[in-house]
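There's a structure below that I have some questions on.
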Amino acid sequence: MIEVLYFAWVRERIGLPRETVDTNAATVADLVIELKAREDRYAAAFTDLSALRVAVDQKLADFDAPLAGAREIAFFPPMTGG
Amino acid sequence: MIEVLYFAWVRERIGLPRETVDTNAATVADLVIELKAREDRYAAAFTDLSALRVAVDQKLADFDAPLAGAREIAFFPPMTGG
Amino acid sequence: MQVRVQAAPFDFGAEAGAFAQGHTTAGAIVTFCGVVRDDGPAGLERMEIEHYPGMTERALEQIATQAMDRFALDDCLILHRHGPMRPGETIMMVATAARHRAAAFAAAEFLMDYLKSRAPFWKKEIARDGASWVAAKDQDEAALARWTGED
Amino acid sequence: MQVRVQAAPFDFGAEAGAFAQGHTTAGAIVTFCGVVRDDGPAGLERMEIEHYPGMTERALEQIATQAMDRFALDDCLILHRHGPMRPGETIMMVATAARHRAAAFAAAEFLMDYLKSRAPFWKKEIARDGASWVAAKDQDEAALARWTGED
């Protein structure tokens, strides 16, 4: 069980800010494949991975980062702070 | 007749902040030669021209700047504002 | 060193003044303040900033710590708002205190460059004719590049 | 655009706040504040800044005008004191307002680099064991060089 968070337009496309996901995915990329298979709104959100950023346990990570031991995965567009 | 101003350690060495000088010097450098000939304190202030800056009518100038028409010449060390 | 993330407006002048007063061994104080631009009647109605509670604070603490070390700062401050804000309101500020001006300026720019692209904030602009998420700029990523590979 | 030369102390926070509030079309405000460093009991008793009344104002106006043009600023402020001041007191400040941060930062550094070496101020440090005029630094002249030959 892993907490999955969505921010900005990723949140808007998927339609919720967070959910608990039951997964055995080995990497972030594997988790994305599982999510895309669920419904069109997920497929729409994850169409272009180059437009997305990911954090594993609140640290920026790559899509090939392993999920073993991770509790919280977040997907979001490139950040626009400041 | 020209007003000559001194600032910072140039003022301290010469011992006065300003004076009116009767001169026919053609350039700043010529004026410096006249001043150095006056007294030791002037010679001491003008020993090393590379350590001095000059303004003609409140604008930074070179030592070879002409004095024709100038009303106010100032001598001072490199500036240290900010 | 101080990091604050808040929804409430803040008084840039009061924060800048308080920051500057604490540091008598620093000769140089630099501040940056970001303001929601007012593009006139046809423009922006409001901005909304979303963030990632928890990660935001961690990211800002990390950026501030890096700046302290890299530029040997006496102090630094990051203050960033989230939530809705109107044109003319302050979005965020950074402040740096160092012995000399070069370090204070460089550290403030470093903080801003990292904040822009590495802190989990997302800006949404709500105009009269619709809302849109602000896109990240290539030049912001380029600005970041000048700080890497030099350590 | 505003240039002020004065003997009286000023409140950096109040000045920075007032400057920032006037500019709703500028998204970026940068300020620099120079402070007399307190080097401890063995150090500085006070600083005295001499200037060239008349030329000072002209030089500062000219530097500010150049910055406004070169960086397309919405506004800028130079405030510089002269006379005696003690450790911890503010010596001077600049502030810049621009649409984006790169211009606001560059303009503030430009103003500082020109102020350091081209405005007729001279600093004298009075310590317990004697007084001395602050020497101009080669690095300040070098800092100035980065702005020339680019126009």
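A, B, C and D are the chain letters, set down in written order, and residue numbers restart from 1 in every chain.
We adopt the following convention: contacts are C-beta pairs under 8 Å (C-beta built on N, C-alpha and C of every residue); 3 or more make two chains touch, one makes a residue touch a chain.
These numbers were taken from a predicted model, which means no experiment stands behind them.
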Chains partitioned by contact, chain D not counted: A, C | B
item: Chain located farthest away, centre of chain C as origin (C-alpha); value: B
item: Distance from chain C to chain B - Cα centre to Cα centre, in angstrom; value: 48
item: Distance from the mean Cα position of chain D to that of chain B, given in whole angstrom; value: 26
item: Shared interface positions of chain B, touching two or more other chains; value: 82
item: Sites on chain D at which at least two other chains make contact; value: 34, 101, 112
item: Touching pairs - complete list by chain label; value: A-C, B-D, C-D
item: Residues of chain C defined as touching chain D within the complex; value: 11-18, 20-21, 23-39, 87-88, 90, 99, 101-102, 104-105, 108-109, 112, 143
item: Footprint of chain A on chain C - complex, ascending; value: 34, 49-52, 54-55, 58, 80, 91-92, 112, 115-124, 133-136
item: Chain B - residues contacting chain D, complex; value: 5, 7-9, 11, 55, 58-60, 74, 76-82
